[in-house]
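In what follows, chain A forms one complex with chain B and a second complex with chain C.
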Partner chain A sequence: MTTLINKFISLEQGSSLLLELKRLLMTRLQAIVLPTVGVACFLIIWSLAANAIDTSLGKFPGPKAVGTQIVNLYQEHVAEREKEAAFYQRQEVRNAKRLAKDPSYQPKIRAYTGKETFIDQIGTSLVTVLSGFIVAAIIAIPLGIAVGLSKALNTAINPIIQIFKPVSPLAWLPLVTMVVSAVYVSPEPLLAKSFVNSMITVTLCCIWPMVINTSVGVAAINQDWVNVSRVLRLPSLVHVQKIVLPASIPAIFTGMRLSLGIAWMVLIAAEMLAQNPGLGKFVWDEFQNGSSQSLSRIMTAVFVIGFIGFLLDRGMLQLQRILSWDKDSAKR
Partner chain B sequence: MLNLTLTKSKHFCRRIIGQALIAGMCISSSLVTLHANAEELGYPEKEELKFGFIKLTDMAPIAIAYEKGFFEDEGLYVTIEAQANWKVLLDGVIDGRLDGAHMLAGQPIAATIGYGTKAEIITPFSMDLNGNGITVSNEIWQQMKVNIPKRPDGKPVHPIKADALKPVVEKYSASGKPFNMGMVFPVSTHNYELRYWLAAGGIHPGFYAPHKGDTSGQIDAQALLSVTPPPQMPATLEAGTIYGYCVGEPWNQQAVFKGIGVPVVTDYEIWKDNPEKVFGITKAFSEKYPNTTIRLTRALIRAAKWLDENNNANRPEAVKILSQSNYVGADYDVIANSMTGTFEYEKGDKRDVPDFNVFFRYNATYPYYSDAIWYLTQMRRWGQISEDKPDTWYKEVANKVYRPDIYMKAAQSLVDEKLMAASDFAELANEDGFRNPQTHFIDNIVYDGTKPNEYINKFSIGLKAGDKI
Partner chain C sequence: MDLLLDISKIDMVFPTPKGDFTALKEVDLKIHKGEFISLIGHSGCGKSTVLNVVAGLYQATKGGVLLNNKYVTEPGPERAVVFQNHSLLPWLTAYQNVELAVKQVFKKTMNSREMKEWIEHNLKLVHMDHAIHKRPDEISGGMKQRVGIARALAMQPEVLLMDEPFGALDALTRAHMQDSLMEIQEELNNTVIMITHDVDEAVLLSDRIVMMTNGPAATVGEILDVNLPRPRDRISLAQDAEYNRLRSAVLTFLYEKQRKVETISSREKVASSSTQKVDVA
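This part shows the complex of A and B:
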């Protein structure tokens, strides 16, 4: 009887091992195959649908048109860099000539005046969104902690946050533009006004989720930890540093991830509307151009915007994994 | 014609340069027209400049001056930036975000007299002649077409007058539907041209009454005009928000290519060789940076000449540059349609309009006082200037805004440095800034820039001396 049972168990163990292996293989395979199938289906549906849609600018761009544009945009970038090199060379020659004629002249190298390529614009957008986001974080996290710690402050500020939170960037933009051009006056501005405009708009829109999440996280700290802090009679700053901050890090990060997503979406809209350099302006310019290539270039930009948004989110997640103690909150 | 005789005479001079008599004549004529100037032009005070433009083919002189290195030849490092609309562009120049811009001729004038934002803006350089068109939607075209006389080959007789549109407008107003049309800016050439064309056909485009706070320009209107930025015109027409529009190129040809509308008339037919865009800078800029001002004018003059040189030989290259996405960005074929001397009306009805875009010949770049005064007369005609003004006032305003003195300094130094020939400016030596009375209007009314009030009184639709809304 026992041998039979033993046999049975070993058999079951063996088969369960096999099953386990099979399941592992399946999940691995699924992780590769399913997305591939998904993307392939999407490409097929996309190209079929694209072929069926006729716009006044020609057919809706399919995958092939986007592929061509990626190559085009890259080549334009390379060509522009060559033009840039020639520009600096000409400038040096001109400076040398002038110096020969007028020895008191202080030669100066001026920045390239040519157009921003698609790749330059990606860079501009990234810098803008990150600056706006960092400024928002610097304001929102301390504010959120303060609000979370004090019930009174929370009650006082909550209505304001609730009202400003749902405001679209497009509503803020005209105000920001006018205020910036009135207040930000300097003969040699360090930052371009257009950059400041987009940055502030981004800040205004992504500050709120961070404040709310931080305050909720802070308010929901385990009461035992607060009691420990009380028992030890920690000064309030140390209390924040040793208890509150570590405890609310998962909530803060959740807010930051949300905010960064919003920031990226807001930025594209702001750039489009205010003609600030960046990907949004690229899309708007192409729309205005109305050439036969415009739609495929816009489609390319759509993918690039989506991909960068995805990378930003992943980046934030990675940061959260490294910094946060609560690995559960960083799973998805 | 002038262009032809000029190039002919140049060839003539070159061919028999050995013959002392003719050569002597050539030299002496250049001495007469432009006196040798010993004073050398200094280096620019401000070297890094930012210029704004709207995506229209008539911004070409700026693009060409950049791409052909004319700006750099002057030691100017220019960044060129497309602007969202005319208001943003004007504000940019006023608040200093832009150093200068491609402007509607009416903009510096309106700014100076304080219609809209008040600011002192001047222009040393007129950018082009002609270049606009009026387009109506396919639906309106079908209704209009029956009223237009046909040529033996079945194509409509040009120029098409607004008389053909009048019954359509009346039908719409009888059924209570507003007849909406688009133009690009309240003080734009397009607004005045569209109004001129409509009024010449007996359709009232409406009055402005700024003293009562009414800047919609739709008082008593049969056709309601509203503002749409040029690049959005085709899309707005397609959406059915407007039934027609007046705009610069390539946005009329774009409508033909997209098959959403039909250009019915070009501004060349409304007023032959009408002045169009100007290059605007603030007065403060021109005073603070006099050398820069002259130098940028020089670069623009050279670019304009390049555009018209050898009977438009450089136009295909110019079209290629303009079709880059950072300039006009429309397809090569669309821009080429009007820039290379033809214009496509109804699909397939392509006609020669060699002077559709004129950048240099006929003294296109010289800022004539009489051009400024024409815009002022139209502002008065439609009530943007709400009260009567004496003829002297018109001249004073023109003197303030249009600056042929700067233009002539630039031209002089170009000749001195042998970058251009004196014959390029042959007719301008004793120019007083007023063109001879001009006759080529669609309604045959003669315009004499020295008598603005008399001119205003000639129109059957429009405010006259003593009228006030």
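This part shows the complex of A and C:
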């Protein structure tokens, strides 16, 4: 009788284990299958629609055209790099020859001035967006903390923030360009003017969401924690460092993720408008170029821009996971 | 016994949009060194307000608080507070939470090794030495409150102020915490003011029970001396005649006060007290 019961129990357990396994497999499958189905549907609709659209530059690029362009753009980049290496090597050989003839000769190396490739432009845009973002963070986070701590400062500054916040940074672009060319004069500029223009534009659009989120986070800090600080008589600086800053980290990160997302969108537009180097310029140049490949190259750029924007957001999220104590707010 | 804390005829008036609201009226209480005082009363009667005035988090409108004959004007670590919601900093471990207090209070008198020992000693006192490096979200509610008590004790306060320290805990954990607190009290003989709404807790822990009348304009109603011998044991006390007499005395006071609200105060008073409870709590 007992053996029978045991058998029954083991059977029961076995079947429940099997059920558990099945459920696990189902959730795993869902996580893989559903996105795949989604992407597949998108590709089908896209290629059907692309086939149906005729433009003056040929058919609208479908998935296949974009795939070809990815390879093309990469090969162009490699070719350009080879050209550059060859260019420098020619110079070295020439300099060595001249030095052998005339030992007093001062060898010169001239910089390569070839066209920037797609991959170079990606690098430029990334560097620009990150530097603009970091400059904004350096200004906005202390300002946000000050505004959050002081009601008077908040009342004083709030109207300015509210008015500048909805302004598209692109409206600032002409002003920024003129001011930079007037103020930033040096015979050997460390940073290119175009880079400074784009960077300031990015900074201008990053500052407002960061200031607002930081100040809201600081103002909403748990009163109990403030009381702990008061009972301990923490000096103001220690209070900010030990209580206010850690407490508002989740809100600060919300502001940073928000502004980085906006910054990436704005930067591409600014680069198109101002012809500053970067992905935006690549898109505009291809559009002006108007070859049969242009549209597919632009379409490729669109995907790359989206993918990089996604990676930037994930990067911020990862950073938040490492730095923030509030693991719940860093889940999504 | 020497007088440690003199709460001298304090009035507390909160300005509200509807006019001034008097939360406390002439609250007067003298506390000696080493005494354990419970403040008991219905919710909204201003118990927390009294505690906050003593802590220095509020300034009394009239009257004042003297600690060792010195006028209390601001919060300070010599009047450490254990808050109802533990109020541990969630980004710090238990050790770091206590460390923040110790570093601030003893920065001139202790070196880093002494500090470490002192922090560990206090966490051991509340039986939290096994979870020193856990964050608040990794430990239970009772454990959080233990760390909160350790943090307050580590400041070596002259008065320990506890605002319903066990109010948010379940009954079993609460009993456990009360035993722990009695054990610590036996060792350190601190001066404690504890707010509670639990009659058994008040009788079990206190030397005196201060019963407050209902607000608005709440004040000290009666003071009950608890002369039960220590150490006290909750199980044997349950049969004790004196314990039950004290318990029923507190219950009678609270029960009568409860009736008073219904019979004496006019309709408008009830309405005003219910709207203004928010300010007091």
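Everything that follows uses one rule, which is that the second predicted complex is superposed on the first by the 296 of 332 C-alpha atoms of A that agree within 3 Å, B and C clash if a C-alpha of one lies under 4 Å from a C-alpha of the other, contacts with A are read in each partner's own complex, and residues count from 1 in each chain.
Please note the rule applied: contacts are C-beta pairs under 8 Å (C-beta built on N, C-alpha and C of every residue); 3 or more make two chains touch, one makes a residue touch a chain.
Computed from a predicted structure; not experimentally measured.
Visitor: Please determine, from the superposition on chain A, whether chain B and chain C clash or fit.
Guide: Once both complexes are aligned on chain A, chain B and chain C fit side by side.
Visitor: Thinking of the overlay built on chain A, is A:G290 touched by chain B (first), by chain C (second), by both, or by neither?
Guide: In the superposition, A:G290 contacts chain B only.
Visitor: What is the contact status of A:I243 with respect to chain B (first) and chain C (second): first, second, both, or neither?
Guide: second
Visitor: Is A:K115 in contact with chain B, with chain C, with both, or with neither (first, second, both, neither)?
Guide: Only chain B is touched by A:K115; chain C is not.
Visitor: A:L57 contacts which: chain B (first), chain C (second), both, neither?
Guide: The answer is first: A:L57 touches chain B but not chain C.
Visitor: In the overlay of the two complexes, what angle sits at the CA centre of chain A between those of chain B and chain C, given in steps of 10 degrees?
Guide: Once the structures are overlaid on A, chain A sees chain B and chain C at 150 degrees.
Visitor: Please work out whether A:Q75 is in contact with chain B alone, chain C alone, both, or neither, and reply first, second, both or neither.
Guide: neither
Visitor: Which one hits more chain A residues, chain B or chain C?
Guide: Ranking chain B and chain C by residues of chain A touched puts B first.
Visitor: Taking the superposition as given, does A:R98 touch the first partner, chain B, the second, chain C, both, or neither?
Guide: A:R98 contacts chain B only, not chain C.
Visitor: Once the structures are superposed on A, label A:R230 by its partner contacts, choosing first (chain B), second (chain C), both or neither.
Guide: second
Visitor: Once both complexes sit on top of each other, what is the least C-alpha distance from chain B to chain C, rounded to whole angstrom?
Guide: 51
Visitor: Tell me, which parts of chain A touch chain C in their complex?
Guide: 222, 224-225, 227-228, 230-234, 238, 242-243, 246-247, 249, 325-326
Visitor: For the complex, give me every residue of chain A touching chain B.
Guide: Those in contact with chain B are residues 56-57, 90-91, 94, 98, 102, 108, 110, 113, 115, 181, 193, 275, 285-286, 288-292, 294, 297.
Visitor: How about chain B: which of its residues touch chain A in the complex?
Guide: 43, 47-48, 55, 66, 69, 72, 75, 77-80, 82-84, 88, 95, 97, 231-232, 234-235, 238, 254, 258-260, 323-326, 328-331, 334
Visitor: For the complex, give me every residue of chain C touching chain A.
Guide: On the chain C side, the touching residues are 55-57, 74-77, 79-81, 83, 85, 87, 89-91, 100-101, 104-105, 135, 155.
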